[in-house]
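Notes follow the structure.
Note that the chains take the letters A, B, C and D in the order they are written out, and that residue 1 is the start of every chain.
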Amino acid sequence: MGCSIAGIIDEKGNRFSGEKIICAIKKMYLRANGLGGGFAGYGIYPENSDDFCFHIIYNDEKSRENTESYLKHDFEIVKEEPIPTRTVKAIVNRPLLFRYFLRVKDEIKKQFYEMTEEDIVMRSVMKINGAQAGAFVISSGKNMGIFKGVGYAADIGKFYKLEEYSGYCWIAHDRFPTNTPGWWGGAHPFGLLNFSIVHNGEISSYGINKRYLEEFGYRLTLHTDSEAILYLFDLLLRKHKLPMSLAHKVLCPPLWSEIEKMPEDERKFYETLRIIYGSALINGPSAIIVSDGKMMFGFTDRLKLRPLVAARNGSKFYLASEECAIQEICPLKKGDVFFPKVGEPAIGKLRNTEQTRNKGTRNGHGKFRFSSV
Amino acid sequence: MKSSGKIVIIGSSVAAISAIETIREKNKNLPITVITKDRDLFYSRPLISYTNFTDEQRYYRDKNFFRKNNVDLIFGEATIVKNNSVVLENKKNVKFSELLIAVGGKPITLDIKGIDGKNVFTLTTKDDADNIKKFCKNKKHAVVIGCGMIGIKAAEFLKGLGLNVSIVELMDKPFASVLDEKSGKIIADKIKKHAKLILNNSVSDIKENQCILKNGEKIPSDIVICAIGVVPNLDIAKKSQIKTNRGIVVDEFMRTSRKNVYAAGDCTEALDILSGKKIPIPIWPVAYRQGAVAGSNIAGIAKEYAGGFVRNSVDVFGLPLITLGLSNDKSGEEIVFSDEKSKVYKKAIVKDGKIIGAIFVGDIARAGIFTGMIKDGIDVSNFKNEIFSENFGYIYVPKEFRSKEVTPIEI
Amino acid sequence: MESSASVLCKSSVSVQCIRKANMKKSLLFPDFTVTRDPDKCIQCEVCVRQCAFDAHSFDKEANKIETDNSKCVSCLRCATMCPTGAITVSEHQQNIKKNKNWTEKQLKELYKQSETGGILLTGMGTDKDYKIIWDHILLDAAQVTNPSIDPLREPMELRTYLGAKPDRIEFRVQSSEFRGQNKKLRTTNYELQTKLPPQLKLETPILFSAMSYGAISLNTMRALARAADECGIFYNTGEGGLPKELYKYGKNTIVQVASGRFGVDSDYLDVAAAVEIKVGQGAKPGIGGHLPGEKVTEEISQTRMIPTGTDALSPAPHHDIYSIEDLSQLIYSIKEATGYKKPLSVKVAAVHNIAAIASGIVRAGADIVAIDGLRGGTGAAPTRIRDNVGIPIELAISAVDSRLREEGIRNRASIIAAGGFRNSADVVKAIALGADAVYIGTAALVAMGCHLCQKCYTGKCNWGIATQDPYLVKRLNPEIAARRLVNLIKAWSHEIKEIMGGMGINAVESLRGNRLRLRGFDLHENELKILDIKPAGESM
Amino acid sequence: MKKIYFNEEYCMACRLCEIACLVAHSKSKKIIKAYKEEFPSLTPRLIIEQKGPLSFAIQCRHCKDAPCVEACVTGAMKRGKKTGAVSHDREKCVGCWMCIMSCPFGVILMDTKEKKVATKCDLCEDVREPACVDACPNEALVYKEVKGSEKK
């Protein structure tokens, strides 16, 4: 896939309009072909910030009815409404678009006492999306939402009236699909719970990543490799409690030859990590931006076969496929821009969640120490 | 023991040559002087009997051997060693720091009537051969006294010159000291096809045209070659108060009783590993080895002579013959292979598990393995019955005794 | 060399045997015709000396070399060694009336059996004309949207770890702050809590499969051990014990514990890198082994720990394993004996219920499941068993890998696939289907000189491989053979890298179980279903 | 110096070395031609020994203190100062067989076809690798320098 990706996070948590990210992604329109675009915004539903917000696309009313009755079984629906849209000439064949603010019912929590609320949400999402009954959950996190569809990203943004939302973190994607035909659910970002991801690339390891995830209960229904990355993050971060930086080392591990040169404890750690998570390694050209609402994390594949630039200006941290996208929305000084190296992620973090501002984004290693028992 | 001065070698025998080669291998510059009676340098003595050879072919080494090796030559006879000098016939003194006596042997002469006659010769030098050649013109009959190594070569030489040859031998078979009865008979039969062989007899009177034997028989002879053998040439050693026995007495470094004086070759008596005694072993390889040992020690690199044993290879009118060690010993176990039809006879004598002597007649292939086994004292008890089998070879030599030349440490 | 019962071997199948069996006239005719070009033959007798089956002889009186076609097994030793290339061996042309049902091979087997009354014996893997599924699986490559990778320019990782893996990593995080020059710095310390179960580290996902001392010569074992050492992989002792001389290759050795328990003692288990319980073998599932007493030489008796000259009988089952819980007991006995320091493998033949069996093995505590398919080789097996029992390894890998994933226990054991791997493409396909690594046996033997004459059970291997004859074992110089093996492993590894690079994959982890990079061509729907691959032409 | 060594562990007595030696010392140097046209007059310069399953091919060891050189009365047998190889000059040789008597390996042979002379391995002089070594299919013959083997 071709595609452009972009992301902005305000590390102080200041919210800003979705217009900026539309401008950024629009600048790179040559990287897209109008077969899909989308956005994820964090901090956009402050009034319902404790409820799970499902954005669902429906083929028809019947599937909406079925799905809503299913939702009602597991959840208390705090609020439901159509997602506001405006008419945009280029956007055609729109499905039904609804959002729901949900709380897991107590009896369901009791019934699935071994599961967390997130697990229950994930199970529901998998069930709806796996049923292939004309309904598709495109986002399911808290205080966040994904807006996507078939068309250029800029048009999609306009369609969803994103300028009316304000959030502290936005990621966006404009698509040039090659592997899967354009449909609304197949556009980026992909989301599960609070995770959202945009991806420029093609995962040649998808086959095994998919089978690996299936062992842990994920259903990959979109026939798109990017979905696998999202779930891998969910598995590693949420279920296996790995920090983002280590999850990155699972997806893009150092070469064995590099591991061998590490000091004993570090070597042992990475060796173990790679041996256990071999099936989670993602291979193939990729530039990825992932967010969980607390940080925005950008990285490329082990050979850096797809572009990614980063910039920092004031409290804002930017990621994009091309520098022009960032320049478009923020006048950058020399030294603001940097190019993440192979194996080194670029990270922007909400400062109130992690006390110290992480300056070490340029060198992914270094800031960790390893020991063994 | 490092030599700083001048090395003098008396004689230009194989021992001398091998000493020079050894010294030069180790030191290019040490001055070496050779004092020799031989005007013709340097022919191989065993080749003097080959009538069809050119002089060139008889050279043992390159014609310019001495010049190339930076060796000074003095033609003349050394008479005595005095102090640190060799005194020549012409009274000239040649100073040395180390001296090697390599004067070889001299023919045994017999006390027979007429032995001083003009028609009586010995055959040990090229001069002898040349003289005989000259004398033989228009002559018809020859008598060779002695049927050993030199006797056979003399007979072949005379045959080559077109004479009828009679060989008179005191003992009952040719090569009497080294052959047993059977091999003696095969060799005698072979000789008889080319010459008249008179055994158990001796010449008592040499006339101009005939010899009278002990039993009174008269055989025609225009020329007589006395080929009984050689004994160590002890002339100079004795005069110079160097200790002698049957040969010049030397230690394992080839040193004589006199300081800085060495001796090597047929003039010495050296360790016989089979008897453990020191005896003269007047054979070529021993002379060569002794010369090399002496040369090495003279050049300052200590080397010991490990001893040798009697062995010889001779071609008797086309029939190859090799004898090794105590080939006529009767005290050991005899292992024999004999094929009358093809005139092949092989015998080995095994004593205390070791081969002490062997005879090969007709088929001498790989006889050297036996030489090696005798030298190394290899116990053959386990395979002694196979030593003359068709497959016998070096493979029978137990691995632990095999030479390093064969089995390198790691392949 | 190991056959199923002593009565078999004595009455097995050579013309000479048949003569001995008091048949006046054998109805058999030769399998091969040896042709000698008289213009090229120099009568050097190299062929005479090289043929252990005595097919060539020199007639001194006639001053002529003669050949007895009936003795030729087409091992091609003579043709290879002939310095003038004067010898060719071809199929014997006999005009047996063409019959698709009653083929020449069938007829010959009937003649043999009617003349000997014995079970037919054979060696190596089945030569029966079964469909080779590998040849109906096609590999993917990257084009345009995804750059292929040049293995000569970019790193390409084949390293493979075999053994049980935990589902997730466990570690403790400790953050500490300290003062830097101007500001506070924070470091995070990860303390690894996971204790990884023992692993076999392979530099390339290939191992040499089990071949026992007795079935193969010591020189052959030496070559396998040296090559494994040099390639950073493993060889397998089979069930014949481990000669003391090879202990130095222990870190590259997988030792087998089979039903006969030959050569098993604490030193044997201690010296190895891993232990494999052999339950079955692809060439003869359900059948034991038999090494006739005459082949139990001094050295073999030492290694197998049985008296010289006694028959070495491997029972068909392990008599202490009549059920899965018995296997578990043996697995844990061995783990106890080796201090839980070595991975424990269980080797089974791919039979109909292989997925469930493999699952049981994993749950019984094995760290590795080795599965030997229909085409697995052998030193000796009854022909009927070899040619008719078991299922193809392709289907077995897929069934087992799928099953273990369904049960969520795929991480708990590695899968080694075995049985007729012919080239690196087969290996890539096996890994993409879900195997962690493959065992190669026949390919390794061929690399060393085997010409697949299938006469291993006679003990007269002219290539010095499947023999103990002191005249024949020398023919295999382990130095040369090891070099050839190393070349083979290198060549295959290069090819695997090339194929992976073409797919845009630079680590074998991303190939393993990646069935999406495979397509079936000319495969039945059911086969596609079991292989879990799409038909060629269908995209992602 | 580089010498030919055998490794009896891997010699299988196929005799290809012997054939190669013979061809290398033939006139035509072509195997079929040499055998068909020159055969009876060809003498290999090496010997293959067999004792049960044990076998090896042995040829002149080119000893440092070579007994054959010591014993040669004609000077035909010489040790090259530079090469260290023991060479044999057919022209000088008179066939006295002193060398045959002396060689402890028994690797000097008689060549009586034309003239009675001794014959032995010449290391195939100008060739990079001796023919026998080249022909050995099992590396039971190797041509190499072995340190510390210069003693007899």
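The rule is short, and it goes like this: a residue touches a chain if its C-beta (ideal position, glycine included) is under 8 Å from a C-beta of that chain, and two chains touch if they have at least 3 such contacts.
Fair warning: this is a prediction, and the values are worked out from it, not measured in the lab.
Counting steps between touching chains, the shortest path from chain B to chain C takes 2.
Most remote chain with respect to chain D, judged by CA-atom centres, is A.
Per-chain CA centroids place chain A at a distance of 46 Å from chain C.
Mean C-alpha position of chain B lies 28 Å from that of chain D.
Chain centres here are Cα means. That of chain A falls 103 Å from that of chain B. With centres taken as mean Cα positions, chain D sits 80 Å from chain A. Shared interface positions of chain A, i.e. residues touching 2 or more other chains, are not present.
The touch graph of the protein chains shown is a line. Every pair of chains meeting the touch criterion is listed here: A-C, B-D, C-D. For chain C in complex with chain D, the residues that touch the partner chain are 39-40, 42-46, 49-50, 81, 83-84, 464, 470-472, 474-475, 477, 479-480.
For chain A in complex with chain C, the residues that touch the partner chain are 1-2, 178-180, 201-202, 204-208, 210-212, 214-216, 223, 239-240, 242-243, 246, 253, 255-257, 265, 268-269, 271-279, 281-285, 302-303, 305, 356, 367-373. Residues 142, 144-147, 149, 154-155, 157, 159, 161, 165-169, 171, 173, 184, 186-194, 196, 199, 405, 408, 410-411, 432, 503-507, 509-517, 539-540 of chain C are the ones that touch chain A when the two sit in their complex.
Looking at the complex, you find that chain B touches chain D at residues 14, 18, 44-47, 50, 53, 57, 59-61, 284-285, 288-289, 292, 311-315, 320, 322, 324, 364-369, 371-373, 375-376, 391, 393-396, 403-409, 411.
Contact residues on chain D toward chain C in their complex (touch as defined above): 9-16, 19-20, 31-32, 35-36, 39, 52-53, 135, 137-140.
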